[in-house]
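Each structure below is given as structure tokens.
Okay, so chain A shows up in both of these, paired with chain B first and chain C after.
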Partner chain A sequence: MSDQTHMLAGHDLAPGDEEQHSVGARILGYVVGLALALLLTATSFFIAGTDLVWQPSIPVALIVLAIAQMGVHLVFFLHITTGPDNTNNVLALAFGLLVVFLVVGGTVWIMSHLNANMPPMDQIMPMRR
Partner chain B sequence: MLGKLDWSAIPFDQPIPLIAGAVVLVGILAVLAWVVVKGHLPYLWHEWITSVDHKRIGVMYILLASVMLLRGGSDAIMMRIQQAVAYQSQGYLPPEHYNQIFSAHGTIMIFFVAMPFVIGLMNLIVPLQLGVRDVAFPTLNSVGFWLTATGALLVNLSLVIGEFARTGWLAFPPLSELSYSPGVGVDYYAWSLQISGVGTLVAGINLVTTVLKLRTKGMNYLRMPMFCWTTLASNLLIVAAFPILTATLAMLLLDRYLGFHFFTNEAGGNVMMFMNLIWAWGHPEVYILVLPAFGIFSEVVSTFSGKALFGYRSMVLATMAICVISFMVWLHHFFTMGAGPDVNAIFGIASMIIAIPTGVKIYNWLFTMYGGRIRFATPMLWSIGFMVTFIIGGLTGVLVAVPPADFMLHNSMFLVAHFHNVIIGGVLFGAFAGFEYWFPKAFGFRLDERWGKLAFWFTFFGFYVTFIPLYVAGMLGMTRRMQHYDVAAWRPWMLVAAVGMAVLTIGVICQIMQIVVSIRNREALRDRTGDPWDGRSLEWATSSPPPVFNFAFNPDVRGEDAYWDMKAHAKQQSHEHDAPEYHDIEMPRNSPTGFVCAFFATIMGFALIWHIWWMVVLGGIGAFATFVVFAWRDHDEYVIPAEEVAAIDRVNLAERRDLVSMAGTV
Partner chain C sequence: MAMTATADRAHADPHHIGVVIEHPGPAPKRIVTAYGFWVFLLSDIVMFSCFFAAYAVLADQTAGGPKGSEIFDQRNVAIETVCLLLSSFTCGMASIAADVRNRFWFYLGMAVTCVLGLIFLAIEFREFADLVARGYGPSRSAFLTSFFSLVGCHGLHVSAGVLWLLTMMAQVFAKGFRADVLRRMMCFALFWHALDIVWVGVFSVVYLLGSGT
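For the complex of A and B:
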């Protein structure tokens, strides 16, 4: 958003449009992505059932692996990069993440507080009779 | 064969909807007959129905909104009369009918008046302001419009075939669940919103992409007119929020059609989740509506003050801040649901914070006017009227955003007064300002100022007389949506409000008169220069109405207020262009995709409402086939040869040269 006077439209491409690499290079990209994705998936399944690691760390490991999986998808399949031609896509992603975070986080927070104005259970139960 | 549909669906025992429906039907048939007999059908088909021109689509959106405004307005008149007479009596509307009216009124006013009006104005103007020839997805744009029209059609169909929801404009469960609303009313509501919701989402995607991707040379983000910024913010909100609405209504429909239990009282359903989700869409929605209006006021105030917008960058910042914060306040619609003081306090404070960027905007408009040479033309009157009215609405908003106060005021007439105060004073006044301001651009002639001013004053005062009493009634404890009441203290205020409604109606009549009179006098009101208001942004740099291709040359932008700069330069050099060299221009071909798609969507929606399953399949296949045919099309563009471009543009340049030389002599 600097004071550049050239046509911005020409410099900000849709995902997938930007690199005019050879077909071979592009296929390689997808293959690497697929391999990484499969690897991460396999690891998740392995970790979930193993007793090789400290048990409480399993959920954390799964979360980390899931986030890595998203990263792989974004980079290799959706072609989100940090290059200057990708500002819009990155911003759109950030906005989307922010909204999802606000709505999901807010919902969980709200829904878990909805009984706040109720008397405790042991006071309600006698009242029901 | 016909699912739930049979003769009992036609309300023969209720004269009001039947007569209204008959009158409308006769009206539509008469217009159709006139069109066919006069041989206008091909024109209508080629120039409008299949048009993918953003200007035409914008105009059709606004036409839809205006027609639906009359329908929603009739509902309003009926409700005001009912509450004026239903003191210790049943009035003239039985409860089940009254409930349908307030539900239809809210649904129509938000989804089929406010939304199409602002989307129409954005479609019409934003590409012109950006200095480009088209939107990003022209055919998709047409699909969006026609799906919105489908939704409107289904809502109106419910008047004569079956019934409409009696659940209020957001259809809260458990009332909207099958056990309490077994009829087709809620289904009419939900399916029309699902279908038009797709249309809105499509429109949002199209406009976001247009602003981000299609800007003319030199039009970087910080040179875009304010209206483009608010368009961006509003459509980002559409893209982010409308899926929530769709998902929520889909869950409600699953409950109703397939026995799910998302929002039921039994089997682990949670009614409160519906409130939570619907308002997670609902609060952003009010900003989807009001942000474009803010943009319109920015344009109008700076044009009619003859000054650049004060604090442009703070305005951009305020717009984007509102865009984000509007996703952090939704709980203020259900403080009373019992989330407790921690949650309520946080959301209450967030709600008050959103008033800050809004306040920034108000001050910016005031400072834009300060020291300016203000012309009190009709668009400017609506803008000033807005500033006064919206401040009151915003203040009462902050008031109900205080949780303890809201426990008193929630769902009272005070709340009704608050949101009408912001929606009429903000969105509708904005839509009217935009309508008056850009009408010459769309049609090539100005609107009659005398009738326009009358319309403003009647609407302005009519608004206050109608809605200030509702604040009082709310303070006196009157709740919303009452079909009748026995409290003597409320009666006088309801009578005053009814009088106000009459004044408002005169305002609407003046508005209609204004259009009629202006069309009659169009030759005298002709705008030959394309720049009737001495405008500042690029939509005024082309003729009125603009040619299909908007600009013969993509303008070269060198700063804010692009067209103002160009005029200043032209004055110095005493000519606008040296004999320019014209090029061929490629434009998208018209396409019936949108209309045909919506035709099948209408069939499908109707069939879903009445459980006519074979027809659902038919409509579904038709809509999908339309899409496939469009996706496999061969050529989608046509070329306007350079000579034709030149011929069209030279006329405009000649008129404009006169304007500039005249401006030089004054």
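For the complex of A and C:
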């Protein structure tokens, strides 16, 4: 393995590395990412505490905003792109996301069904005596 | 000489199908290292997802104790969020400075990142100490157990990140921008950005969703 800092032509890109850009262009990427992330964060905090929107829509809006902000971080800070030099990174990310959704979605789904099918606690307690 | 040429040929065409493809060889070490670290980060995120799942299930099991909306201070969380977001930005600036071998901007970016990380940790520690002092420690209810383990696990990661950050500054000071130091710096930047992604989930799911309902 060679110890080169920058990739050779025809190789993949390391996660976090960008294609060769000037320093100005790279800084601009971080500034855009920071601005978008701050905007999304401010929107999240505003929506969580406001009466201006239909209340049941707030949890959905918060989750959508969180996913959008994670996307902004991935693109502008971690430099994950859809380019052919990034295929390995994207595939690893996709597998990670699959496991995350299986774990979180599966847990919430199963446990909510268990909760719904359980008698209330005050009925269980007398049965155990 | 002829021997090596034959060996090379056999290596490039192991199944003797007659088509010798110009193979670029193994990837540079920078890519191998960063890819391995990327896989570690993804498994770390999978671990966090288990804590998130536990929190989602246990969020309503307050056992007569406080609900999330009674103990969360939105202003503190907003300050923490801005600190971590800005530190992600300055960490990016430091890694650009490392790539162009500029010591001054590297040290400045890393120092600002460190200070912002420490402010984050101080606010979080004060929040935890305040909750425990009021009797709302992790043993009070299942909700508080899952809250302390999820947020505390992220806090531990940030603490480890701050230690790693100081190590990187010391290594650049002692060894300069060597290739191996630059690889570690790249892994550190990935780690710090990934922590910020996890924090986006924490403040949205725990603090904002929890204080709404």
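Just so we're on the same page, the second predicted complex is superposed on the first by the 95 of 129 C-alpha atoms of A that agree within 3 Å, B and C clash if a C-alpha of one lies under 4 Å from a C-alpha of the other, contacts with A are read in each partner's own complex, and residues count from 1 in each chain.
Note that in this section contacts are C-beta pairs under 8 Å (C-beta built on N, C-alpha and C of every residue); 3 or more make two chains touch, one makes a residue touch a chain.
Quick caveat, the model's predicted, so the values are computed rather than measured.
When the shared chain is aligned, chain B and chain C each come close enough to touch A:G96. Legend: residue contacts after superposition of the two complexes on their common chain; A:V60 is shown touching neither chain B nor chain C.
By the document's definition of touching, of the two partners only chain C reaches A:M70; chain B does not. In the superposition on chain A, A:N88 makes contact with both chain B and chain C. When both complexes are overlaid on chain A, the residue A:L28 reaches neither chain B nor chain C.
Of the two partner chains, both chain B and chain C are touched by A:M111. Shared-chain residue A:L78: touches chain C; no touch with chain B.
For chain A, the partner that touches more of its residues is C, with chain B and chain C as the two candidates. Contacts of A:L38 after superposition: chain C is touched, whereas chain B is not reached. Taken together, the two structures place residues 1-8, 12, 88, 95-96, 99, 103, 107, 111 of chain A in contact with chain B in one case and with chain C in the other. Listing the residues of chain A that touch chain B in their complex gives 1-9, 12, 88, 95-96, 98-99, 102-103, 106-107, 109-111, 113-118.
On the chain A side of its complex with chain C, the touching residues are 1-8, 10-17, 23, 26-27, 30-31, 33-34, 37-38, 41, 44-45, 48-49, 58-59, 62-63, 65-66, 69-70, 73-74, 77-78, 88-89, 92-93, 95-96, 99-100, 103-104, 107-108, 111. Listed in rising order, the residues of chain B touching chain A in the complex are 212-218, 220-222, 236, 240, 244, 270, 272-273, 276-277, 280, 324, 327-328, 330-331, 337-343, 558.
Per the touch definition, chain C reaches chain A in the complex via residues 24, 26-35, 37-39, 42-43, 45-46, 49-50, 52-54, 56-57, 74, 78, 81-82, 85-86, 88-89, 92-93, 95-96, 99-100, 179-180, 182, 186, 189-190, 193-194, 196-197, 200-201, 203-205, 208-209, 211-213.
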